[in-house]
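Labels run A, B and C following the written order; every chain starts at residue 1.
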Amino acid sequence: MSDAVTALREPWPDLDRQREGVSVGIWLFIASEVLFFGALFLGYTVYRTLYPEAFRIAGAQTDVFYGGVNLLLLLTSSVTMTFGVDASRQERRRTTLVCLGLTMLLGTAFLIFKGFEYSADIAKGLFPGAHFPLQPPQTQLFWAFYWVMTAVHAVHLAVGVGVVGVFALILWRRLLPIESPGMLGVATYWHFVDTVWIILFPLLYLVGRS
Amino acid sequence: MTNSHGRRVHVWLRPIAVWVALVLLGLASLGSAYLPLNAFNTSLNLAIAGTMVILLWLFLMDLVGSEALVRLIAVAGLLWLSFMFALTLSDYFSRACEGPGDVPPATCVNQKTNRGAF
Amino acid sequence: MTNAAIADAAVGTEPASYLEAGHTLISWLTTTDHKRIAILYAISITLFFFIGGIAIAMVRLELMTPHGLFLTSDAYNRLFSLHGIIMVWFFLVPSIPATMGNFLLPLMIGAHDVAFPRLNLLSWYLYVFGAAFTVYALLSGGVDTGWTFYTPLSTNYATGYVIAAAAGVFVVGFSSIATGVNFIATIHMLRAPGLTWFRLPLFVWGMYTVSMVMVLATPVLAMSLLLVIAERAFGLPIFDAARGGDPVLFQHMFWFYSHPAVYIMILPAMGVVSEVIPCFARRAIFGYTFMVYALIAIAVIGFMVWGHHMFVAGQSPLANLVFSFLSFIVAVPSAIKVFNWTATLHRGQITFEAPMLYALGFVGLFTIGGLTGLFLASVPIDIHATDTYFVIAHFHFIMVGGTVSAYMAGLHFWWPKVTGRMYSEAWARFAAITTFLGFNATFMPQFVMGWDGMPRRYHYYPDVFQAWHVMSSVGALILAVAYVLPLIYFGWSLIYGRRAPANPWNATGLEWQTSSPPPKENFLRLPRVEVEPYAYSDTDQVSGANNRMPVRAQGETA
């Protein structure tokens, strides 16, 4: 072990068991998040089934450039995160920290693009309310889901950026060893946030294009 | 780490390969959305998204290398999601579209004004 | 080690109990010891229980006359809403899991703590701050939507603190999820050597299955409340019919959680009863394997029945049929459990200590509650009975007659273990019997008046129902007294109670193999399990718990 401080915590009898425990714990949390976002997807599915024409009209107004670039950013961030996990397992300190940093950067870039996209949407008046520019009224349902889904995703991503940052700081300050089981927890959460965007992309950006 | 160089290349190769696959699939989804395929557009996009998620989960989240329990938990989340979808949609898809007079209830699928579900 | 030896050891030179490991408030508020966190939860939920209880006492007082006594209709609506919100989310859902589950789970499986002790502490903070925030909002003016937050009342028309209340419940939901994650990981990963899945006490299986439900159902509630907040705060149409939204969609999302929520309330209760009845009948539980499968079946099928809350809401007839059918199916495993508890009593050496009185009360009252649930699962009957007092009586028989009885059973059963003190058995039995009588006096009349047409949540009602309401309110008074009594004798026991031995009931289970109260690390030597659970002998003597021959202790070779 390269670091003097140990990753082993009470009440775990050994590090292997703890590592597996962290994996089990984080995947249980992911299962709960699947249901959390799943409820949103359910609502979207119900309304798209009821009002397909309105959804086509509304969906054509999303900016596929922003959506696509953001997809690319997150896919890449998942790969940098995977590199980070591999490096962490091999106790390669600098590589791990660099990968965590890159992941944060890509995530932050996503949020910045999202901010630009939001202001463009608002400039086009695409926030449901009295002066909504589209007809029929059910187009506002699509856009309500757009705002809620992307906002909830963005909050999760922002939390992810924060967690990755804090974890990188903890590793950098040697408060935990590089091969700490927490790395897997952070990575799994990050990949989940990417998963949600992979599904959101066709639902929000590929509707009504043809 | 013996034969570390060979092994290291192998370890770094898989995420890159998955990334390439994911990007290509994303582009395919994007491109196909502009083709006039009607109902098939959505199915194709969702199938591609599902494939991307499977690749991500299996290889980047390393479900192939995880314990059976972890894979079970991953499946459980999706399974429970399917309960929620199946039973809720069983309501919406079976609602009658004959309302009083000529007006169908607002929340029925396949109203005459729609092009049909999806 | 004999019981006497363990008891001697507990008073002698053994390490300090978990209660003595730090006396400051800070040591309690920053603890990661699951036993202390359990006590933090117990104090909090008791406080919220009495707040919710006072609210409904005011409602029951108000209902003694048909045209109101001292409340405006608006205040009345806010009071029953407060009662429901607090009782469901801040008392019943955390009750057994967060108190007894937290305290006992590591002990029962021979572990030092839960899998993620700091997450455990976080779960308490989420709970306490979320609940305090909500209660503050409810007491400041509250909501009149009922605990069910139906749209469009909650999103469009209700005045008051809908957003605050929903936000608070949202936060508390994550406490549930955290507890569930912790318990599942603990049970999978930290069992003592030799403790295979089918040697686990049924209480542990109860914790496992309830955790499954908490992890998978609660997020959907969180999203449904988030969407209500989004619609109300930002005018985003989600359930707004004017723009194509469907209020029934909210109900689908809400009940997808809220039906499993009642299984969150009952599965731990069933776990408790499965520990108490074998002990006081001195017999192994009948049909252990089927009891396990029944718990799992309830947890899984319980996710597929939520539409039975929506039979008259505008669901399609097909959906009604499917949900009705599945609701009948889910009753079967519950019935199997009732049969097995009863069979456990057969040819047992039954004694009627307070935990047993509560547990037996549970079996009877839960059965009545469950049978009336079957009435409601039938669509035509439900059309008559829905939104009447019949439904209120049904769910109170399950939640109060069931879960609260089991909570009391567990509280009495494990009080010696947790505090190291014995409570007054005479007062406890008196309170148990008073609870049973008061409960029936409160809720039996509600079945009758509900069937006769008395609607729920109504402030004014036709004169013909007054007799039933008066009966119910008088019963509620008796019940209130019965709930206050334990505060007094339990409190008294903390100061003057006889010191408890390690195993006062001569029960099986690893938690009884360590001192009362346990040391901070739970076990001086990590136990090894070699016997099946509930290894009660038929030849145990009845008189005097401390005179009993010790059952061959699990894992002990000496």
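Basically, contacts are C-beta pairs under 8 Å (C-beta built on N, C-alpha and C of every residue); 3 or more make two chains touch, one makes a residue touch a chain.
Source: prediction; values computed, not measured.
Centrality by C-alpha centroid: the chain sitting nearest the overall protein C-alpha mean is C.
When the interfaces A-B and B-C are ranked by C-beta pairs in contact, the top one is A-B. If you average the Cα atoms of chain B and of chain C, the two centres end up 37 Å apart. Remark: chain A and chain B have CA centroids separated by 16 Å (rounded to whole angstrom). Looking at chain C, one finds that residues 188, 216, 220, 244, 246, 249, 252, 256 touch two or more other chains. Of all residues in chain A, those that touch two or more other chains are 20, 24, 28, 31-32, 35, 38-39, 42, 46, 50-51.
The set of chain B residues touching two or more other chains comprises 69, 76-77, 80, 84, 88, 92, 106-107. Per the touch definition, chain A reaches chain C in the complex via residues 10-12, 17, 20-21, 24-25, 28-29, 31-33, 35-40, 42-43, 46-47, 50-51, 54, 128-129, 136-138, 140-141, 144-145, 147-148, 152.
Considering their complex, residues 188, 216, 220, 241, 244, 246, 248-249, 252, 256, 303-304, 306-307, 314-319, 322-323 of chain C touch chain B.
Contact residues of chain A toward chain B in the complex are 20, 23-24, 27-28, 30-32, 34-35, 38-39, 42, 45-46, 48-53, 64, 68, 71-72, 75-76, 78-79, 81-83, 85-86, 90, 187-188, 191, 194-195, 198-199, 201-202, 206-207, 209-210. Residue ranges on chain B touching chain C, taken from their complex, read 69, 76-77, 80, 83-84, 87-88, 90-92, 94-96, 106-107.
For chain C in complex with chain A, the touching residues are 32, 106, 111-117, 119, 177, 180-182, 184-185, 188-190, 215-220, 222-224, 226-227, 230-231, 234-238, 242-246, 249, 252-253, 256.
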